[in-house]
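Presented below are the structures under discussion, each in the form of structure tokens.
In the two assemblies presented below, subunit A is common to both, partnered first by subunit B and then by subunit C.
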Partner chain A sequence: MGDLSWKDFLSQAKQFLEISQKLDDNWVLEQKDSSEPNIYLKCSQKIKCQSGKNNAVELFSVEYHVVYSVSYQVPMLFFQAHRSDGSLLDVEATWKLFMPESKASDLHQILTQMDHPVLFRPFMALHPCRTADVLKQFGKPSGNQVLSFISLYGPHVQLHLQNAYGLSQEYT
Partner chain B sequence: MAETPESQAALSTSSSTPADKDGSKICILLNATGNVPIIKKRTWTVDPNKTVSWIQKFIHKFLKLDASEQIFLYVNQTFAPAPDQIIKNLYECHGTNGKLVLYYCKNQAWG
Partner chain C sequence: MSTENETILQFAPWESFVSPTFWHKLAELKLDHDRLSDSKRSITGHYTNRNASGCLLEVDYTAYNRTAQPPKFSHAAIGTIYNKNTIEEFKALDKLQLLADEGKELLADMCSGGVLRDPSLLTRFFVLSFADLKCHSYYYWFAFPCPLTPTLKLQGAVQKLRDLDNSSSYINALKTLPTESQNFFILYANVEKNVFEARNLSSLEEKEVEFCYFGFADPSEYEHPAWIMRNYAAFLLQQCPSFVGKPLKFLGLRHNQQMSIDDSPLWQVIQTEACDLRQSGDIKFVGWELNKNGKMGPRMVCMRDSMDPAKLAENSVNLNLKLMKWRLVPDLNLEIISKTKCLLFGAGTLGCAVARNLLSWGFKHITLLDSGKVGFSNPVRQNLYTHTDAVAGNRMKATTAAQRLKEINPSAETAGYVLEIPMPGHTIGESLLVQTKEHLKVIEQLVQDHDVIFLLTDSRESRWLPTLLGAAKEKIVINAALGFDSYLVMRHGTTRKEAGDDGQVIEGLKCINGDQLGCYFCNDVTAPGNSLKDRTLDQQCTVTRPGVSNIAASYAVELLVALLQHPRKELAPAYYAHSGRGKSEEAAGKVPEGLLGILPHSIRGMLCNYENILPATQKFAQCIACSAAVLDQYKKEGHAFLLKTFETAKYLEDLTGISEFKRLNSEIIDFDEEEFDMSDDDED
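The block that comes next holds the complex of A and B.
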């Protein structure tokens, strides 16, 4: 419990997608091929943030991927943020944007650049080593661990799900 | 379990406070899961404009947890609401029988 198999990840990701479509959210399922772990959930959004020297409001475009981690047997959150001029945020800029209050020494354990398991490109990723523990704490096993995962870890990187995601009775 | 002064100031018992003062408040039911200590008093009333993270901090303080540990709140066995979500919205979506049922657990989030 806590960790999940590739098969479970896949079926729960598809269930999550159905809920998302009912709620008119913009999640999609990306598929490179059908082998493990080449299918992942994707969504993108624009976020507004005050940054720069004169505190101007800047617009960022962020793409989130929820990918299955073969080594940890849990979902992992990968993402990439671009400025409005198209330039990519590096690790420092990402830390500053998403986790302005955390210390740099902690951040190395939270958010770093890692190889995307499907695309083989460097992506920002939230560390997965505690994910299984956290999911395990959900009393009875959570009906949809992919949904639990996204709702738990998304807010750390400004990915908020509507409250209505918790409403579906299908998982109980 | 004796209530700490700050908890009395922040949250109040649903039974002992006058109804007129309490009318706009929302009744929440806290359930412990996993290895988290149980709070004996399960029913609390909360100002509807408080956020989820405020409740997380409250439980954290109430249980005197270590700073590295984090409280997670969730509803319906599955969904963890965003920390900046206000209780009013959450109640409108997930409230049942005049109550908002919240589950909480603790764990180290990182490292």
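The block that comes next holds the complex of A and C.
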């Protein structure tokens, strides 16, 4: 296990969306055009971070996309943060946002900029090279691997799912 | 009515929060629709009272839609954008007047009953903007107009919904409220009669004030209520004049992540002075947002990084290089690469391949010099040209290549010069004398203006002038030459004088400092003559295995990058193993490495056995291109000297004294002609 087909991804993403709606979370399913893989999960949140010279607290908006990677056959987490004036954070600023302290964090190895497979624009992403292995270790074959993926990878970039997601999975 | 613990109620001001898509859509509308028109345009914003951060009013691309559909858990705010055509108009506009005009519209809605029908009119905002679409810069200033009415005094402490007796009755009543009515509403709570009801604002009943909580979706995360409560209170007091002097209860509805509203705050306030909003001429307005420095002023955002395709490409290219730096070579100096200016003599097979490799490494300044046109046989090997270039009346190589490089990477600064390189022994006729002098001037200036000179032409003698100029002007010179299945890539010894450590003494290795290394001509004892004379066609157009030029071009660029990353740059010593001692392989392993490995003087390789050797050779005191005698003469006589050499190559041999050299020091060229049949020609 670990690998996921596009059809599996789609059905599990829809299942995830249903749970999210039950929990009043703000995930949505976005569809771009009709050429697959064209559908991804999306949500956004505000993150506070000390930044700038005087260490003032600045507010960032981060949009998260859970997209299907055809090459790796796993879900991938893409995201993009912007400031209150609409300017986007580049990869270095994104590192600072999610790793204010550590320089040698493992996240350096996986947080990078890649082309979004659906939108074809440069986006920040967590590299999918180890996702299949990780999912193999954690994901129960019968459970929702999209949910497992988000709960495992999300916390690296301050995307925390409510515990209720985990509980809901047992009933599905 | 006033009591002692009354304080003036303060409000959390709106903070504008703009999505990049808001600017994308504005640019699109301006270009495709509005064009020169700068009439105002209705927009909508949204704010959320769920898990709120700050006190945000957000706008994104949906702001321009005709019908507002705020995102889940958000409420619509009604706005207008005034997008000006010029920065001057943006600056010159009377800001106070605009705020007053907008404010009066707000008052009209409050007085006319419009707010009762659609309470979202209370959330009025507007944006003054100027979009500099060429630079992708947006100047903007948000305002949230609000009439300056008498102050509201806070009575008693701020309570939370959960603190009320029967709080669950209140909460249950609130749960029945439809989403679209949650922005402004009334919570009717008659404890005695045990009636708890959430009602639309339109059901406002002046007499029931003691049972009413005036509720609103509160986007503030702070102790203070959001700015909108100011307009809300002003409206209520206008609608119900009897509220003046009476305690009024407000409920700021706030959801947490789990949608609980228990912590929503309650304020009891009183306004003691009356104020008639219909007398709008007397009323002043506030509401311009402070900028990031906390000053009254507009903001500016540069969106080039995400909106300019050229910038997007540049950033992506840089990212690849930065990844190399971040992950593999942390000390890699990318800045020096992007700043180094390269001049390529020759825009043929080698020139095209070198130029592309330079782009890959992030070099930004590339100039090509070539007098040739694109021929039909060229495009398959010269990778910046296409068949069309040959058909289209034979385009000039130099300018076409420069244009192609720019098409590949728009942020590169490229130029092409269609120029003949004068050569020793190639006599210049009377008629061409003036033109040649002009060309010489341009070539001298180009060498002066660049940091690195690449010699990539198709003949030995055409390399003489660039070699001389590179040495005279103390530039880095990289040379690549091809044989049928062999290649030579080298860095010329530098003429730059700079104090520094000599190379290390290592057993089994010979070390030559950078300023003692030879140039292309140092190993050669005849002055370059006219090598194209008396040759058959296949000798003139050197036939090479196609891979040779790509290999040599790649080595040439990698050699330059390794050199630029070396702390001593072109002064870096070169090491080579003494041949024939049996231990040369062991010694070769000891060559000191720079950031990117060793930095040889030259790379000679051949495809027939897929081998490279890395010889290093000394400067030759009688060199016809880089020796002191030649450089001094050039400095003394300038063009007159050059013209003499073009007249006859013999002049150089006499000047340097090599014509008197009968017997040569064999050590420096001991591997040369026998081992390698090294033709120095690039194919045409």
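The working rule: the second predicted complex is superposed on the first by the 155 of 172 C-alpha atoms of A that agree within 3 Å, B and C clash if a C-alpha of one lies under 4 Å from a C-alpha of the other, contacts with A are read in each partner's own complex, and residues count from 1 in each chain.
Operating definition for what follows: a residue touches a chain if its C-beta (ideal position, glycine included) is under 8 Å from a C-beta of that chain, and two chains touch if they have at least 3 such contacts.
Everything numeric in this text was worked out from a predicted model, so none of it was measured.
**Student:** On subunit A, do subunit B and subunit C fit together or clash when superposed?
**Tutor:** fit
**Student:** Per the contact definition in the header, classify A:S151: touching subunit B only (first), subunit C only (second), both, or neither.
**Tutor:** After superposing on A, A:S151 lies in contact with subunit B but is clear of subunit C.
**Student:** Look at A:S61 in the shared chain and tell me whether it touches subunit B only, subunit C only, both, or neither; answer first, second, both or neither.
**Tutor:** So A:S61 only meets subunit C here.
**Student:** Pick one for A:K46: touches subunit B only (first), subunit C only (second), both, or neither.
**Tutor:** Touch status of A:K46: second partner only.
**Student:** What is the angle, as a multiple of 10 degrees, that the CA centres of subunit B and subunit C span when seen from the CA centre of subunit A?
**Tutor:** Computed from the C-alpha centres, it is 130 degrees.
**Student:** Residues of subunit A touched by subunit B versus by subunit C: which partner has the larger set?
**Tutor:** When the residues of subunit A touched by each partner are counted, B comes out ahead.
**Student:** Rounded to the nearest angstrom, what is the minimum C-alpha distance from subunit B to subunit C in the superposition?
**Tutor:** Shortest inter-chain C-alpha distance (subunit B to subunit C): 11 Å.
**Student:** Which positions of subunit A sit in both the subunit B and the subunit C interface?
**Tutor:** 109
**Student:** Using the touch definition up top, name the residues of subunit C that touch subunit A in the complex.
**Tutor:** Subunit C residues touching subunit A: 15-20, 22-23, 53-54, 56, 71-73, 138, 257-259, 299, 301-303, 305-306, 312, 315-316, 319, 322-323, 326-327.
**Student:** Which residues of subunit A touch subunit B in the complex?
**Tutor:** 106, 109-110, 127, 129-130, 133-134, 136-140, 142-144, 147-148, 151-152, 154-155, 160-161, 163-167, 171-172
**Student:** Could you pull out which subunit B residues touch subunit A in their complex?
**Tutor:** 31, 33-36, 72, 74-85, 89-90, 93-94, 103, 105-111
**Student:** Which of the residues in subunit A end up touching subunit C in this complex?
**Tutor:** Checking each residue of subunit A against subunit C gives 24, 26, 28, 46, 48, 59, 61, 82, 84-88, 90-91, 108-109, 112-113, 121-122, 162.
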